[in-house]
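Reviewing the structure listed below.
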Amino acid sequence: MTMHVGIVGFRGYSGVELQRILAAHPRTTPWLLEHRADSTEAPQPLNRPGLARIACTPAAILEAGIEVVMLATPPEVSMDLAAKLIPEGIRVVDLSGAFRLGTAETYKHWYKEEHTAADLLLLAVYSIPELHRSAVAGARLISNPGCYPTAASLALQPLVAAGVIDRAAGIVCDAKSGVSGAGRKPSLKTSFCEVTENFSAYSILNHRHVPEVLMNSGLQEQEFSFTAQLIPIDRGILETIYFRAQGLKDTQALLDVYLAAYGQEPFVRLYPAGAMPDLRGVNRTNFCDIGVRLDEKTGRAVVVACIDNLVKGAAGQAVQNMNLMMGYGETEGLL
Amino acid sequence: MTMHVGIVGFRGYSGVELQRILAAHPRTTPWLLEHRADSTEAPQPLNRPGLARIACTPAAILEAGIEVVMLATPPEVSMDLAAKLIPEGIRVVDLSGAFRLGTAETYKHWYKEEHTAADLLLLAVYSIPELHRSAVAGARLISNPGCYPTAASLALQPLVAAGVIDRAAGIVCDAKSGVSGAGRKPSLKTSFCEVTENFSAYSILNHRHVPEVLMNSGLQEQEFSFTAQLIPIDRGILETIYFRAQGLKDTQALLDVYLAAYGQEPFVRLYPAGAMPDLRGVNRTNFCDIGVRLDEKTGRAVVVACIDNLVKGAAGQAVQNMNLMMGYGETEGLL
Amino acid sequence: MTMHVGIVGFRGYSGVELQRILAAHPRTTPWLLEHRADSTEAPQPLNRPGLARIACTPAAILEAGIEVVMLATPPEVSMDLAAKLIPEGIRVVDLSGAFRLGTAETYKHWYKEEHTAADLLLLAVYSIPELHRSAVAGARLISNPGCYPTAASLALQPLVAAGVIDRAAGIVCDAKSGVSGAGRKPSLKTSFCEVTENFSAYSILNHRHVPEVLMNSGLQEQEFSFTAQLIPIDRGILETIYFRAQGLKDTQALLDVYLAAYGQEPFVRLYPAGAMPDLRGVNRTNFCDIGVRLDEKTGRAVVVACIDNLVKGAAGQAVQNMNLMMGYGETEGLL
Amino acid sequence: MTMHVGIVGFRGYSGVELQRILAAHPRTTPWLLEHRADSTEAPQPLNRPGLARIACTPAAILEAGIEVVMLATPPEVSMDLAAKLIPEGIRVVDLSGAFRLGTAETYKHWYKEEHTAADLLLLAVYSIPELHRSAVAGARLISNPGCYPTAASLALQPLVAAGVIDRAAGIVCDAKSGVSGAGRKPSLKTSFCEVTENFSAYSILNHRHVPEVLMNSGLQEQEFSFTAQLIPIDRGILETIYFRAQGLKDTQALLDVYLAAYGQEPFVRLYPAGAMPDLRGVNRTNFCDIGVRLDEKTGRAVVVACIDNLVKGAAGQAVQNMNLMMGYGETEGLL
C-alpha cells in the first residue's frame, strides 16, 4: 500500500518535477492539490488519465488520506498553508524559503516581508540530508534547502570542517543557474529573447540564499563573496568556488577531504584529479557532482560543484527528505 | 542635413531595430517618441549619450521638425496615432497590421476587433518594395507588411505570375519563426523555459497573415495551407513551400523564374541549384534568400525562403519603404 | 534473474540512451561491448561503479551469457556484426538502416553502398510495434525503424488505411529534428556555432528515410513530399503533415480515425481538438504524440506528430521491440 | 582611394568578422587571401559578387597592392606568414597568440611549442589601444590581444594602477565565453549536443591567456586565480572579478576610478551604480562594458566586464589597432 502525497504548486517547474518523481516512486501515490484556479496547464492527451486532483483544503486532504503535503509555492503561501495543515496532523515538506532561516527577524531581513507563521520556525527541520540527516526522522515540517545553498554547502562544509581553507583571504562562490530557478511566472527577465545568446549577473554580493550557505558551512558573511548568474539553459546550477588552501599538498589531498566526507554518499559523486563535472552529467538526477584542482606552487584552489536545480536543488531533495522523514530507504524513487 | 524621424514603440524588438538602422542611416536623425511610461528599458551607460526623447504628441513632433513617424506599435495604437498624425502633415510608416487588409470588414474578420481609422485605409500604401515599388513615392501613410507574408509573397508571386504552379493540387507553406516575432511583452508562451529545447506549431490553417499572402500572390484561400511554428531562436523566419510544378523541366528552370524576377534586386539573393539558404545567412540583414529544388521525375517542388523577421520582416523593410517614399536611394542605410 | 543485454556503440547518443533504459529495466542487465578503442567518453566519478565492459567478440559475448545484442552502430558495422552474432545464436536488435529496406538493391540505391549481409535481410523483422507487433515474437534479428519514419508512419498509416486522404493532391511531410539525430561524430554541420540561432533544410525530397515511410504507409513516392530540417535543440522530432481530406466532416472525425487506431496504445497519445503536442511533451519518453486540425470549408488538413528521436525514434523503440521479441510486457522499462 | 587589406583565415569566425568590418570600413577594401584549399565555405548566392580572392603569397599580395595583412590563423601559421610578409614591407596585424608574450621561452612555456619567428618578437607591438595606444602608430607588426585578456586587463589595470586592490587577499577572475572562442574546427567539445543545455569549466588556474593579463595589469601569478568556462551561446565574454578593495568608501568611489580612466574612451562604457552590463549589450560591437559593486561594510568588491569575443576580443580590436597604425581615426569603421 502506498502513501498518499499531495502537491501544491504542481504547475510550477518544481511541482512538475515532484509529479514526475512521486508518480514513479514505489512508495507513493501523488495527488494534485488545487490551490488557485489557473489556466496555464498544458493540454492533456485524450487517451491518458491524469493524476487525481482535489481542492487544497485540510478537509479534502484528510478525506483523501493524504499524509504528506509538498509545498512548491512562494514563501507567503507556504507560511499560510503550513499553518493550516500542521495542526491537522498533516506532515509538510516546504520547498520555499519560508522556514529556512532560524528566526522571523532574519527572514524579514533577507526576504523583505513579515514572517506570518513564526511559531512554526522551531518545529521546522532544515535538511540537506548529507549534512543534517540525523535530524529528519519523524519531523512534522521539513524546510527543504535553496538550490544555490545545496551545492555551495555540500562543497564548502567538509573544507571548513577540515580546516583546509585560509579563511582570512576570503572565499569566492561564483554561481550560475539555468532559468527554471526563477520560476514559471512570465517576466521580461526570463523571456526567451532576453535570455538566449545572453549571460548576466544578478544579486551581486546580496543574494538571499547567502545566509543559508553561512549557516551550513560555518563561514562568516565577510569571508564569503557570492554572485548569481543566469545561464541560457533550462536547468542546472554550476558553482565555481575559489579559496586559498592550507595544509594540503596537492589536488589529491583536496580530493581526499571530499572522499572522507562523501565517499559513501549515494547522491554525491567525486571526479578524479584532472577531470571536472558539468551540467549534463547531473541533468534530471539527484546527484551533486564535485571536482577539484589545487595549484601546488601557490595554494590557490578551485572546486566545481554541479546539481540539477529542480532535482537535488528542489524536488529530488524534497523526496530524499520525505524518505528520511517516513523511514523509507533514502534513495527510493531517486536513482 | 538629415531628416528627423520619430519612433513610437522604441523599446520593442522592432523598435530597437529601427533605432539601430536609423541611427546609422546617412539621411536620418532618429527621435524616441514616448507614448507610454514604461520601466522596461535596459540601463544606459554613464558615459554615453542616448537618442533624443520627446513626448509622442503632434505638437512635440512638429516642434522637433520630425517629418516621418514610424509606428512599431500594436494595431489599435497605430490606428489611434495615425489618425492624429496624418492630418498634421506628418508622414507615417506603420509596422502593425492596422492598414494591411483593404477594408474594415476584412480587418475585423482576421484581427477580431473593430477598425477605428477606416477612412485611412484608402490612403494607406501597402508595400513589399520588390512587388509594389512604384506605388510608394510620395505616400503619406505606408502600411509595412507582416513578417511571414514578406517571405511567402516574395517566394510565391513570381511562380504564380509565371503560371508554373499546378494550383489544383494546392500549395503548402510551412513557416517557422524565431521568438522575437511574438513581441517583447512577457507571456508564458515566450518564456525561456517553455521555448528552449522545444518546437511547436500554432495558428494552424488560420493565421491572420494568410490574407496578406493571398493578396500579394494571387492565390485563393482554399489553395493555400499555412502553418506557423516557433523555433527556439531569437530571430529569423524560414518558410518551406511545397507545390507541384508545371511546365518546368528541372531545378534550373525553376531558378530561372526567380532570376528573371529578382536577378537585379538588391535585397533578394538566389542560391544555385544544390544549395539552400539558412537563417544565419540573413541574420541582421535586409535580405530575402531563396533556394529551390524540383524533382524532375514527379514535378514535386520545394522553395525555401529566409528573412530576418525584425529586418526584412519589419524595421529594415520599413526603412526601405521610407527611402522610396522620400525619394532616397532604396538601399541607403540598409547594406 | 535478469537477461544480459550487450550494447555496441554505447558512447553514441542512442547508445547512451540504451544504457539509461536498460539499466533501469527490471528484466535486463546491460553490458558495454567495446568494438573500437575510443577516448571520447566523459570521465567517470571516483566513487561510482560503471557498467561491466567486455570486448565485442562472439566468444566474450557468449561467455558473459549475453542473449541479446543491441547495435547502435553505422550500417556497415551492423551488417558485419550481425553476420557474426546471429550464427552463434545471439539475438540482435539493429538500430541502423542496414536491414530496414527489403532488398540489397533498394539498400544500395538509398544508402549508396553495397549490402554485405544480404542473406540476413529475409531473417530481419522490421517493426514499429504499433503497426507490426504480431511479427516480432521470437525474432532473431530485429530491424529497428528510422526516427523520421517512426513518426511519419504512425501518423500516416491509419489515414491511408481508412481512405481519408485525397492522394491525388499529394501529401507533404515537413519534418524537423534536433541535432542528436545526426550522431555524435564531430562535423561542421553539427558544430554549436553553426547550429545555434540557425535553422536549415537538408535532404530535400530525397532523404533515405522516405522508402521506409512509403513501405509502412502504403503511399507512392510521387504522392509524398518530404523535407528534413535541423532545429537548434538536442533531441526531438516534430513532423507537420499536410493533405486534403476526403469523407471527413470536421476535426473530430479526423481524430476519430486515430482514436480507433491508437486509443488503447500505451505509447501513442492523442490531443483533443484545439490542442497540439510539442517536443517538450515527449522529451525523454517513448511516446508518439499526435494532434490534428481539419478546415471544414476546404478539407485541408494538418497532422502534427512528435517523438523523442533518441527514445521512440531509436533506443526506446528498440527496447519495446526487445520486450516483444522476448515475450516481456511491451511497456516494461519504458514508462 | 581605399587601402587594400588582405585577410588570411577568412573562413574562421574571426575571419568572417574581419570581412564584415573591413567591407563596411570607409578606408579599406578587403581581399581574401587563400592559404589552404578548403571546402567548408557556405555556398554563395548566384546574383551577388563575393570579395576578391587571391593566393596568399608575397608576390600576389604585392601585385594586388595590399598594404596590410590580417592573420586570423593559428600561431604556427602566423609565425610562418609574418616571417615571409614583413621583409617584403607588408604590414601585419596578427590575431593569434604568436607574438603576445615577450620571449620565445615564455611562448614555449604556455603554448607548448617552439617559437619559429623569435626575431620578430622585438618588432611586434602588443596593443589593447586603451592601454597601449601611443606605441601603435607606424608599427610594422601588431600583436592583437587575446579575448579573455582584453576584458580582464581593461577591468584590472586601472584598479591596480590606482592601488585600490588589497592584493594580499588575491584576485579572482571567473571568465565565461561563448563557443566561437574555440574556433571553427569541428570537435566533440564544441559539438551542438555537447554544449547546449550544458555549462562547464576548463583550463582551471592554467589558461595560456593568464600571462597576458599579468603583463597588462601588473599583477603577479600567485595573486590571480583565473578559470575559463563555456556558455552555450555563439559569442560573448563575461568576466566576474572579485577582490577586496582598499581606500574606497562605496560603489561610486570604485566607479570613479573607471570614470577617470575611461570616461572619454570611445569603446569603454561604464554602468551606473545598481546596474550591470550583459552580453546582449555588447553583441556585434567593439565595446567593453563595465559595471561594479562594492559592499561598504566589508570591502568585498565585484567588477563585471563584457565584450564580444569576436569583435573587441578579436577582429574589431584588430581594426582599431590598424586604424591607429595607419593614422586613421581610431573609431573609423567600428561604430
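General remarks:
By letter and in written order, the chains are A, B, C and D; residue numbering begins at 1 in each of them.
To be clear about the criterion, a contact is a pair of C-beta atoms (placed from the backbone, for glycine too) under 8 Å apart; a residue touches a chain by one contact, two chains touch by 3 or more.
What you see is a predicted model; the values in this text were computed from it and never measured.
Among the remaining chains, those touching chain C as well as chain D are A, B. Comparing the CA-atom centres of all chains against that of chain B, the greatest distance is found for A. Separation between the centroids of chain A and chain D, computed from CA atoms only, is 39 Å.
Centres computed as Cα averages put chain A at a distance of 45 Å from chain B. Chain D has its Cα centroid 36 Å from the Cα centroid of chain B. Listed for chain B are residues 194, 196-197, 232-235, each touching two or more other chains.
Of all residues in chain A, only 42-43, 45-48, 196-197, 255, 259, 262-265, 268-272, 274-277, 281, 284, 289 touch chain C in the complex they form.
Looking at the complex, you find that chain D touches chain C at residues 13, 40, 178-180, 184, 186-188, 190-197, 232-235. Against chain C, the residues of chain B that register as touching in their complex are 168-170, 172, 174, 176, 194, 196-202, 204-206, 221-222, 225, 227, 229, 231-236, 238, 240, 242, 244, 276, 278-280, 283, 293, 295, 297-298, 300, 302, 304.
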